[in-house]
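Consider the two complexes below, in which chain A is the common component and chain B and chain C are the respective partners.
On to the complex of A and B.
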C-alpha cells in the first residue's frame, strides 16, 4: 500500500472516521495500530526492526535522563546513537563499505574474501533513525524530557503519514500534539484534503510523467549532451515534484488528524544562492544537519577554515545519508564546495554585481541569481541521478560541454517526449508554476484561492480531481522512499 | 461538517460529470478494445484451423479469411511468452485435430518479460492466471478505464494520429527514425533482461509451451514475420544472432521454422507496412497467403 493508491485513501478515510469517533484516550492505540499496519504493508517483517529501534530509543532516553552527571549522560547517549547507527549502517551501508574495501584490495593486490551480501534496505530506516538520534540528543542537552508513555513515544517513531519520507520531526513538536485532544475541525479536514490532492497532482501529473522520460536518457549509453542537459533539468523538476508531493500528502494526512507537521519545502528552485536553497529544500533534514552535525562540529571553532571543514563534513554526511554510493558522496561534496565557495567569494561577487551594474536592477539581479543557483543544483544532480561514478563523470562532462547547450540541440532534445506527452506535461507544469507564482505573492495559495469567487474556486478543485483521475500516471515509487 | 459534505458532493459530482464522457471515449477506443476478437471468440467459440501467438508483429501479421481457414488470433502487442502460454491453454481446445499453432518469434520474444498491461487479459483469461491480480484494478479497468492514464493517452494518440513530431512519424526519414527508436528500445530491454536473468526464464517458458503443444498433439510452426529494409538495416544477422538465435538454435527443435523476416517480396516494398516492422492490411493478406501456401505444401490442413 503506497500513498498514491485507492487502497491508501480508503485506509486513511477509515482511520480518520475512527479517530474522531473514539475517545481521546484510545486514539494513540488507533494511530499506533494504523502506523504499524501501514509499515508492515510496505516493509513486511522489518516492522520488528522498527519495534526494536523504538524500544531501544525509549529505554535509552530514560537512561540518559536518569544519569546524574553530564559526562555519564553523554556516554549513554553516545552508546544509544551508536547502536541506532549500527542498525542503519548494517542495512544501508554494509555493501557499500564491503564493495569499496574489495575494490581497494583489488587495486592493492590484497586478498579480500568477504562476499557481497543480499541485504534488503528497510523502508524509512534513515528517517526514523534520524528522528531517534534527535530525540536522544535533545534529552542529553536538556531540551526535552524523556517520554514515559510508551504508546505516544511509539507513535512519534512510526507516525504513518511522515514515516516513509519525513518531514523529520522533533519530539518536542510532535509528541505534545498527540497528547492534546484534537477536535474535529472543518478547517483541518478541508486544508488536509487540499494538501493531499495537491500532493497527488504533483506526484502523478509531474513526477511520474517525467520519470520514464528522464530514465530513457539516463539509461541510454548513447544519450547526447543536449539530452543530458534537458533530462537533468527535468529530473530536478521531477525530484522536487516527487518529494514535495510526499511531504504534501504527509502534512495533509496529519492535518486531517489535527496534527501540524513542519513544512519541508519553500519553492527551492527559486533560491537565490546555495545557502538559500538548503533553507528551502528538505528543510527538516537541513535543520537536523545544522543542529546535530554542523553546530557540534563548529563548537569552539573560530577560524574560517575550520568552519569550512565543518561545512564540507556536514554535506558529506548529507550525501551519505541519501544513498550508499560514491555518486551520492560526490553529490554531497559538490554542495559542500558550493557553500564554501559561495561564502568565500561573497564580497567579490558583490563587487562584480556592482561593477557590471547588475545590482542597479534588483529584480533582474535576483533572477540571474535564481538561474545560476538552479543550474548549479542541476549540475550536482547529474551525480545524484547517475547510476555509477563513471556514468556520473561522463554525464557531467556532457552537461558542461558548451555545445550541449546549443538552443537548437536543446529544442531537438525535447523529442525524448512524444508530442502528446510533452503537451500534457507542459500544461500541468504551467499549472504548478501558476500555483507557485501565487504562493510567492501571497503566503498561501489555498488562502488566496478561498478569497476567489465560488466558481473559480470549484473550477480549480475539479481541475485537480479530474486531472489526477484521467492523466495521473502511477506506478513509480517515491525517489526519497528509497532512502 | 455539513458544509464540507456539500462541498465535496459538488466537487465529486462535477468531476464525475466531466469524467464520464472521457471514460466513454476510452471505452470505445481501439487501444482499450485491443482484445475484442478474442473476447468475441470467447462468447462464440468454434473449431479453428489455425491459432497464432506472439506480440504485435504477429497480431498485424495474419489474416486468413481469404484462404478459407478459420483463424483465432491470440497475439497482442508486447505479449510475453508467459501470456502466450496462458492463452493457448485457455483456447487451445478449440483447435481442430489437424490445426496449426503459429508461434511467432521476434526480436523481443526472449527479452520481453514485463507484461505492462495485464488489464487486457481480465476478460479473456481466468483471474487465477493473471499476475498480479487486484480486485480494485479489475473493476477499475472494466468500468473506469478512463482512470488509466496509459490507456487514455494511447486512445488519444490513436484519435490524433498526426499529432507527432515530424521526425516521429512512421515513415519520416524513410522509416529510419522509427527503426532507430525501436532499436534503442529493444537494446534497453535486452540490457534489462540480461541483468535480471530473464532471458533464461523466457527460453524455459518457450520450451514448456512447445512441450505442452506436443502433449496436446498440436502442430507447431515457428514463424518470423517480414519487416522493411530500414528495419533490417538495424537487425542484421549479427543482431538477430545475439537477440534470438543464440537462444533458439541450441534448443534443436523438431518443428518447422518459416523465417520471412528478410523476404524481398516485402522488405523492399513500403506499401505493405504501417511502419518498418508492422504489416498493414494489404501486407497482412499477401503474407498470410504465402504462409498458407507454404503450410499446404508442407502437408498441413489435409
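On to the complex of A and C.
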C-alpha cells in the first residue's frame, strides 16, 4: 500500500473517521496499529526490526537519563547510537563495503572471500534511525526528557504519514502533539485534503510522467550530450516533484489528524546559492545534519579552513545517507566542494558582479544567481541519477561539453517526449510554477486561494482532482522511499 | 579584562574586523565577515572566552551584537556588575 493508491486513501479515511470517533485516551492505540499495519504492508517482516529499534531506543533513552554524570550519559548514548547505526549499516551498507573491499583486494591481488550477500533494505530505516539518534542526543544534552509512555514513544518512531520518507521530526515537537487531545476542526481537514491533493498532483502529473522519459535517456548508453542535459534538468524537476509530493501528503495526512509536521521544502530551485539551496531542500534533513553533525564538528574551530573540513565531512555523510554507492559519495562531495568554493570566492564574485555592473540591477542579479545555482545542482544530480560511477563520469563529461548546450541540439533532444506527453507536462509544469509564483508573493497559496471567490476556488480544486484522475500516471515508487 | 571587552574582542578576533566596527549595529548576515561560516568561528570564540556551551538553538538566537549580549547574560555572564 503506497501513498499513491486508492487503498491508502480508503485506509486513511477509515483512520480519520475512527480517530475522531474514539476517546483521546485510545487514539494512540489506533495510530500505532495503523502505523504498524501500514509499515507491514510495505516492508513485511521488517516490522520486527522497527519494533526492536523502537524498544531499544526507548530503554536507552531512559538509561541515559538515569546516569548520574555527564560522562556516563555520554557513554550510554554512544553505545545506543552505535547499535542503531549498526542496524542501519548492516542492512544498507554491508554490500557497499563488501563490494568496495573486494574491488580493492582484486586491484591489489589479495585474496578476498566474503561473497555478495542478499540483503534487502528495510523501508524507512534511514529516516527512523535519524529520528532515534536525535532523540538520544537530545536526552543526553538535557533538552528532552526520556518518554515513559511506550505507546506515544512508539508512534513517534513509526507515525505512518512521515515514516517512509520524513519529514524527519524531533521528539520535542512531535510527542507533545500526540498527547494533546486533537479536536475535529474543519480547517485541519480542509487544509490536509488540499495538501494531499497537491501531493498527488505533483507526483502523478509531474514526477511520474517525467520518470520514464528521464529513464529513457539515462538507460540509453548512446544518449547524446544534449539529451543528457535535458534529461538532467527534467530529473531535477522530477526529483523535486516526487519528494516534495511525499512531504505534502505526509503533512496533509498528519494535519487531518490535528498534527503539524515541519515543512520540508521552500522552492529549492529558486535558491540564490548552494547554502540557500540547502536551507530550502529537504529542510528537516539539513537541519538534522547541522545540529547533530556540523555544529559538533565545528566546536572549538576558529579557522575557516577547519570549518571547511567540517562542511566536507557533513556533505560526505549526506551523500552516504542517500545511498550506498560511490556515486552518492561523489554527489555529497560535489556539494561540499560547492559550499567551500562558494565561500572562498565570495569576495571575488562580489567584485566581479560590481565590475560587470550586475549588482546595479538586483533583480537581474538575483535571477542570474538562481540560474547558476540551479545548473550547479543539476550537474551534481548527474551523479545522483547515474547507475554507476563510470556512467556518472561519462554523463558528467557530456553535461559539461559546450556542444551539448547548443540550442538546436537541446530542441532536438525534446524528441525524447511524444508530442502529447510534452503538451501535458508543459501544461502541468506551468500550473506548478503559477502555484510557486503565488507562494513567492504571498506566504501561502492555500490562504491566498481561500480569499478568492467560491467559484474560482473550487475551479482550482476541481482542476487538481480531475487532472490527477484523467492524466495522472502511477506505478513509480517514490525516489526517496528507497532511502 | 572586563566581560564586555572580552565580548568585543571575540568579534574582532573571530570575524577579523577592526575594533571600531564592533558595535550595536552589527547583525549576522549583514556584513561579509559575519556570514554563516564566520558565525561558527564566532561561536567557538565566545564559548572559549566565557567558558559556556552554545547549542544550535542558541546559535540561531545569537544573530546580532545585542542578542549575543542577552544570550550570554542568560547563561550567567555578567556584563553589568562585574
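Here is the rule we go by: the second predicted complex is superposed on the first by the 483 of 483 C-alpha atoms of A that agree within 3 Å, B and C clash if a C-alpha of one lies under 4 Å from a C-alpha of the other, contacts with A are read in each partner's own complex, and residues count from 1 in each chain.
As a convention for this text, a contact is a pair of C-beta atoms (placed from the backbone, for glycine too) under 8 Å apart; a residue touches a chain by one contact, two chains touch by 3 or more.
Every value quoted in this text rests on a predicted model; they were computed, and no experiment measured them.
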Of chain C and chain B, partner touching more chain A residues: B
Partner chain in contact with A:275 - chain B first, chain C second, else both or neither: second
Touched partner set for A:186, first chain B, second chain C, both or neither: first
Which of chain B and chain C A:267 touches, first, second, both or neither: neither
Touched partner set for A:350, first chain B, second chain C, both or neither: second
Which of chain B and chain C A:2 touches, first, second, both or neither: neither
Overlap of the chain B and chain C footprints on chain A, listed as residue numbers: none
Chain B partner contacts - residues on chain A that touch it in the complex: 6-7, 184, 186, 189-190, 193, 204, 216, 219-220, 222, 415, 418-421, 423-424, 458, 461-462, 465-466, 469-474
Contact set on chain B toward chain A in their complex: 1, 3-4, 7-8, 10-12, 14-15, 18-19, 22, 136, 140, 146-147, 149-150, 152-153, 156-157, 160, 163-165, 167-168, 184, 188, 191
Footprint of chain A on chain C - complex, ascending: 13-14, 32, 35-37, 40-41, 43-45, 47-48, 55-57, 59
Parts of chain A lying in touch with chain C, wherever the complex brings them together: 141, 143, 275, 290-291, 295, 298-304, 307, 310, 343, 346-347, 350
